[in-house]
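Structure, as structure tokens:
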Amino acid sequence: MELLTASNIIFFILAAAILLFGILTVTSTKILRSATYLFFTLFCIAGLYLQLNYEFLAAVQLSVYAGGIVILIVFAILLIKGLGEDKEINIGQRRIMGLVAAIVGSITCASVIIKFGFMPDYDLADLMVQTVDMKVIGKTLMGTNQYEYLLPFEAVSVLLLACIIGSIAIATKDKEDNK
Amino acid sequence: MEQLASLAPYVLILPLCMFLILGLFGKKMCPKVSGILGTTVFGIVSVLCYYIAFKYFFSGDYQIGDTFQKVTLFNMEWLRMNQNLVISIGFLLDPLSAIMLIVISTVSLMVHIYSMGYMHGEGGFQRFYAILSLFSFAMLGLVVATNIFQMYIFWELVGVSSFLLISFYYFKHSAVRAAKKAFIVTRFADMFFLIGILILSYYTKTFDFGPLTQVTDGHVEIVNSTMSGVTLLGFPIISIAVFLIFLGGAGKSAMFPLHIWLPDAMEGPTPASALIHAATMVVAGVYLVARLFPIYSFEAPHVLEIIAYIGAFTSIFAAVIACAQTDIKRVLAFSTISQIAYMMVALGVSGYGGVDGLGYTASMWHLFTHAMFKALLFMAAGAIIHAVHSNEMDAMGNLRKKLPITHITFLIACLAIAGIPPFSGFFSKDEILVAAFETNKWVFAVEYFVAGLTAFYMFRLYYRIFWFGEPENGYEHEPHEAPLNMTFPLMFLAAVTVITGISWAFGKFSFTEFISSDYSSYEIHTHWNIALPSIGAGLVGILIATFLYLEKTGRPNKAVSYIKKPYIWAYNKFYIDEIYLYVTNNIIFQRICQPIAWFDRHIIDGFMNLLSWVTNKTSEETKEVQSGYVQQYAWVFIMGVITIVLLSINL
Amino acid sequence: MNILSLFVIIPLVMMAVIFCVNGEKKSLIRTIMSIGGFALLCTSAYLTIQFLELRQIDSTSEFLFTESAMWYERFNIHYSVGVDGISVAMLLLSSIVVITGVFVSYAMEEKVKEYFLWFLMLSIGVYGFFISLDLFTMFLFYEVALIPMYLLIGLWGSGKKEYSAMKLTLMLMGGSAFLMVGIFGIYYNSIPEGSEGTFNIQEIAANVQALKANGGDISWEYIFFPLTFVGFGVLGAMFPFHTWSPDGHASAPTAVSMLHAGVLMKLGGYGCFRVAMYLMPDAAQDLAWIFIILTGISVVYGAFSACVQNDLKYINAYSSVSHCGLVLFALLMMNKTAMTGAILQMVSHGLMTALFFALIGMIYGRTHTRDIREMGGLMKIMPILCVCYVIAGLASLGLPGLSGFVAEMTIFVGAFQHPDLFHRVFVILGCSSIVITAVYILRVVGKILMGPVQDKHHETLTDAVWYEKVAAFGLIAAIAAIGMAPLWLSNMIGGGIENIAKLFTYGL
Amino acid sequence: MNHEISLVVVMILVLLADLTIGDKNKKASQLLSIGLFLAHTILCFQWSNSFSPTEAFSGMYLTSEIHMFVKNMLNIGTVLVFLYAYYWNTHENKSHAGEFYFLTLSTLLGMYLMISSGNFLLFYIGLETASIPMATLVALNKKREESAEAAAKYILTAAFSSGVMIFGISMLYATCGTLYFDGISANFSDFNLSIMGLVFFIAGIGFKISLVPFHLWTADTYQGAPTSVTAYLSVISKGAAAFAFMCILMKAFSNYPEAWKEIMWWIIVVTITVGNLFAIRQKNLKRFLAFSSISQAGYIMLGVIAGSDQGMASLVFYTLIYMFTNLAAFGIISSIEDQTGKVSMDDYDGLYDTNPKLAVVMMLAMFSLGGIPPFAGFFSKFFIFMAAAEQGEYLLVFLALLNTIISLYYYLLVVKAMFIKKSDSPLPTIKIDNMSKVGLIICTICILALGFISPLYSFIAERSFGF
Amino acid sequence: MNIPVESYFILSTLLFFIGVYGFVARKNLISILMSVELILNAANINFVVANRFIFPEQLEGHIYSLFVIAIAAAETAVAISIIINVYRQKKNIDAKSINELKY
């Protein structure tokens, strides 16, 4: 059996990149840099989605996540003066705590996942055939049948509205403050 | 019968009412009124008692053949425990209770009269009469009890009225201490009494004296059928039960080692001493044993033997101490202990039925005579104290001219107690000695010696008061004879002492006709072979006393110097008080109560406080968990998740 | 309307009225309290008479004056009331203590309105508890009675009142934690197959008996009996859960001590008996020995502890431990006589301890000390109070003619009828307490009432005033009445006991 | 759906009102907001009676009478919070009053959805809708540093916990193949991965209910948030989450209760204990009530572990009574804080002498929280313990009851401060605004009366379900 | 052969715990926020993979991911505005400095 098929190689590369950039994101001493690494991570994840033939999702990931959220974060970093140059010094104790949590947690979860035994064998190519049509996605989001998501869609709109209003309310400087 | 039954309740009700009236409203009454009221009402009660006793003994209605019957005049259910065990308040009339009625009513009436003079002008005069009524009520109730629990009830009441009388001068430390001591010691004994009752009633399922003293075929059937063969720790349970009951009696009757309260009880007013601590209450123990005599005699003869030994020991022990005391009331107190022990001995050596029961009869006879002359002695002592304002012998002397009536009556009583014929004491004591002689020679020997000793210390007392010589500093106030209401009881009781003695001597009157162990009369005669030596012993005692104390000489001191050690021991009552004090203070209070209180405060309570302390401390110590760092919160969060996962998955 | 409900309604109405009254009108509030208290007393007296009459006619039904109204249908919770001889006795006791408590509180000046409101709430709890036949309402009233203690002690108390109040409340609530689990256990385990659970005590008892008769599993009793018993035992001051009592009583204001020691502690004994033993007789019988040991210790231990205390209230509190221990002790002997004695002891102890606390309060109010070493010879200064004190003391040490004797003797005689030697040995141990009781009672009497006057300032003190006399004499009258004519009470109680005693091997 | 639709309408109207007249006439717009919501509340009661469908959107949205009841309950609670907040909104929070109402209502909508969800997606959205705007509410008091800090802690923990939760949901999805509750219920079994997913999910919702060890944000956020928001957080948000949690367990995990019962057992014990232990040492009343609410959450979870219809009934009943009780306490605290700025327990010394009515209401609230009869808290506690005991959880009930002793201790500390302690400088006599007064009166009446009104419980019990 | 599905899940798990590490260990609030994004993405990968490989019939996981992204955006926006608020008051966004509220 051939392990090094094209799709496998792509997966390994993506996985390695995701993990690498992920680690860099949380270890980089400069905050702007770590934002950049975050961007790369998200980018690679989008690649993963593409590999799985979820183009729309990949596009959303790129536009909203990489494009929106990371930019938002970068703005924030820039807005908050002098933060970009701050040297990030990790306090030893917290790092150890984090490491303990991460290592114990990942070992636990990984062992559980490995022991679970998902489908022993499958043909990725078979699965890949079904591309997700945009129409299908639209219908799924707008339908009211089972496995269709009109209600969550509407609900999320309320959430977004509320978040916008809330963010504005607390981010704006009050008139009284100016006086 | 109906007549008596209709009268009998008043014997109890009248004193009780008097107690309530004087107790509640006494404050509002003029002292004199309350005294007269109390005395009058008690006079009525006495008349009733005499009438009942008279009817019982002489009407013949209550006799079948020559056997007196037990009659229950009334019996009212007071408290029902279960189907079998009922506590009633009733009136049991039999020779025993009839005699006791006479004794109590006589002495009590005399004390009532006497107190009018003696207590005159004292604060709390009304209170005194109230308690006197209470005591009379309790004592009468005790002797007419139809069941053992009624007896216990009145027993306790007697105890408390004794407490109240001893603590009459409640502002005096010594009186309070004495009262406490008396109450607690007797209470301690009562506990055994109660346990004895419990054991007895557990098996026999009755409190009633009727079945409990019913003799059939040489056994008390109800006891024998239920308790024989049952043992506890190797002792027959019946012996344990009746011994415990005897212990109750021993407490009231001041048997060694429970005698310590009686001498101290003399802190009370003298009339109270005369009534309670000489004539009536202290013989309750004797009465108790006599009441249950069939059980002792048939079912627990060994206990009876023990009683005899305890009695013998107590009598000599107290007599020895009496020789060394200087407080006249204390001398009398020890003399009382000794004499009551005599009665116990008599019961202890007695058999059941006919002449075998001589001890029983003698005991009751001695109880009767002793009550009379001992009350007389106390009241006389009261009159003396009244005159010289002191209890100490050193403050007295040469009073025979100043207090003539007191002197004569005191002398009569002394002769009676010393066992000199023809005074009543001689005869009763003689019978006791006879009974002892026939049963137990050792006991007899002791009692014989005590008879001599009694004569000695009584005459020592007599001489020290009435002869000897005036105290060194003379009298502050010239002593003078007491008023009539005090001397009348003296004369009356002296007359009783003389008359009963003489009438016995002339054979006009035989106690055996009235009371015997099986309530059937029998004939006895004076046993001169025993009587003469006992008179001799008495005379020797008197002679020694005369030699030492007739005149003020150095002889007493000289005599003491020969026996210095024993004298000091006897003077200090063989340090029994100190032992008790040590036990109560150092062992019970210091070694039991204090540690328990400490344990409670520090261990039990401390544990509760520790719990709260731990809770608070934990709360304080764990505050770092809530450190304020959001990252730590997340860490705890995720570690919590991981821990729960690890705990709940199947590895 | 059922007469029993009056016991809850009258205090409620009183609360409402007092709530509306201006707090400054102290004498008006006192008057309302006296009238209400008197009404309660009359009601309970009337109830007693009615009960005795009805008993003549109807001697079979376990409870009389029963009434039941559905409350929480889901759990079969009813407001159901009813009384047997025991409850009637307890109600009578409560009424006497409440009215005397009111009189004792006449001297109260600070926050009178609030004080009486809480006081009334306490009494609602007490009354409600005794009339309830439903475990839920019983428990409800039980807790209603507990919580006012906190404020009553904390606000109007003396000494280290905050500490004591907290300790008392928490320990009693701890007890009720045990109790609640016990109640749940009883409720769920007694459900007969295919039917609804019930909180009604009678029905539960019947269900449990049926369960046992059908060979059902009753092992649960062995878990929940101890829980329930301990739960109530805490309030009954059972060793080693008694330590709230000395501090609590010492710090409480007079009337509260009275009501608490006099009535509230009785809830413990009553509950042990009505709930723990009645509903779980088998476990009760098998596990009694544990609690006999504990309560036996209580009896002796409390008495010994009392001997060396110097604070009057502590002495009385420890004496209560001893006496209440005797109550539980007697209940555990599980025969009719002993149990009757236990209830008599509750009544008797309730009255005399109330009297004690009332008198201690009066003495304390005058001398401003409760230390017996600082007092002496008070008899000369305030004879009435002191005579009352002596009477209370005599009642406490079991003088015949006063109630204590009746109760104690019934207990001892009854308990001694137990065929088991172990039990009888413990009875003898219990008997020894009567001596120790005498020791500490006389110690106090001798120390503070008798002897020479210790403190010259005390010589000018006054004797009892009218309301104090009313309170003290009322209690003494009740004590003496029971002591002299105990038969009716004992029969009335015995009638109620029989129903429970028959569940035990040696019960009747 | 009527509840949600009507609420959205109210939200829009509130927003419009704020936009149009909010600047000119703040009071009017606020009164309008409150009035609109009140109308919504009343209407919802009407709709609850004429109830028909049990689901909408093909199982995405589930409802039943008990759901409606809980929503109505939340409405009432929110009304009370609005009443309390009125003073704050017309004084300190003038500039953001409109946002306050809108954001509160949007979180309420989130709770509605959370409760009624039939799918983990909708649930997730509901949860986020209930928590993200909440963060802005917490931060609304911009003058105080604490407010921002509390909000930061809240939003970060919320984000973290929602991450954990969806990670868990993803595992459930991976094992069960669907996100619909009934589908999960059909496919759930004791695979380790499923259980792990469940644990992650419980952690996520445990954050909302503030169960230990997911509770650490609670105290800080409660303390820092504006008092009305704290009140809202501690009762409405918590109650909704608890009910939603129970619904999900009943619907999605009912075929394998062993999986979560033991987890919940330990969580309950730890929650109650830790909540109580931490509450003891608190001096700040808001913080104090935060820990008290943690331990109360533990008690609420007893209904969950019972898992029966009785469990649900008692849970709802408990939440209802807890709502009134806690709101009474918060009503006092917020009134006093609004007017004097004092929240420390020491400031309450001698409160009874100067503000007897406030002190009495506070005391009633404390007693009710402590489960003292005859106040409502006793009944709710009793029933919830009964529900747990019915399932044989005696040990758990016992431990919980032992904890009530500790809780009683600290509740009594407040009572002690108000009634027993004397203060040299007690709080001045406070004049409460009418709105708060109305709220307090409602709460007081409910505390006193709800326990005795048994039809209420029957009403709930008839509509409850278990597995 | 294809790589097993587990490897995807392990990837996401590792990413998740990288995020956790970042949350616990990072110094300032924005870094922490970024770590949260990693966590959310880890979950998203899970959804997508499970949808694609195991339950490809419906689009549940896919849609879920979409919504997560949307909500993440909203969350981030609110979080950043709050962080800015913190910054205004404290003049820094050090995670250690926001511990006025504690114990």
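The first chain written gets the first letter, and so on, giving A, B, C, D and E; residue counts start at 1 in each chain.
Heads up, the rule we're going with is that a contact is a pair of C-beta atoms (placed from the backbone, for glycine too) under 8 Å apart; a residue touches a chain by one contact, two chains touch by 3 or more.
From a predicted model like this one, the values you see are computed outputs, not experimental measurements.
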Chains touching both subunit D and subunit E, listed by label: A, B
Chain of greatest Cα-centre distance to subunit E: B
Central chain (distance from its CA mean to the mean of all protein CA atoms): C
Chain of greatest Cα-centre distance to subunit C: A
Most heavily contacting chain pair (counted by C-beta pairs in contact): A-E
Euclidean distance of C-alpha centroids - subunit B vs subunit E, Å: 96
Euclidean distance of C-alpha centroids - subunit A vs subunit E, Å: 6
Geometric centre distance via CA averages, subunit D-subunit A, whole Å: 31
Centre-of-Cα separation between subunit B and subunit A, whole angstrom: 102
Per-residue overlap in subunit D, given as positions that touch at least 2 other chains: 121, 125, 128, 132-133, 135-136, 139, 142, 151-153, 156, 160, 164, 174, 192, 196, 219-220, 281, 409
Residues of subunit E engaged with two or more neighbouring chains: 9, 16, 19-20, 23-26, 32-33, 44, 49, 54, 58, 60, 63, 67, 71, 74-75, 78, 81-83, 85, 88, 96, 98-103
Residue numbers of subunit B (touch at least two other chains): 612, 623, 626, 628, 630-632, 634-635, 638-639, 641, 645, 649
All touching chain pairs, where touch follows the definition stated at the start: A-B, A-D, A-E, B-C, B-D, B-E, C-D, D-E
Footprint of subunit E on subunit B - complex, ascending: 623, 626-632, 634-635, 638
Contacting residues of subunit D [partner subunit A, same complex]: 8, 11, 15, 56-61, 95-96, 99, 102-103, 106-107, 109-110, 113, 119, 121-122, 125-126, 128-129, 132-133, 135-137, 139-140, 142-143, 151, 174-175, 180, 191-193, 196
Residues on subunit D engaged by subunit C in the complex (per definition of touch): 310, 313, 367, 372-374, 378, 382-383, 385-386, 389-390, 394, 397-398, 401-402, 404-405, 408-409, 412, 415-416, 419-420, 454, 457-458, 461
Subunit D partner contacts - residues on subunit B that touch it in the complex: 612, 615-616, 618-620, 622-623, 625-626, 628, 630, 632-634, 636-641, 644-645, 647-650
Complex interface listing, subunit E residues touching subunit A: 1-11, 13-28, 30-31, 33-35, 37-38, 41, 44-45, 48-49, 52-54, 56, 58-60, 62-63, 65-67, 69-78, 80-85, 87-88, 93, 96
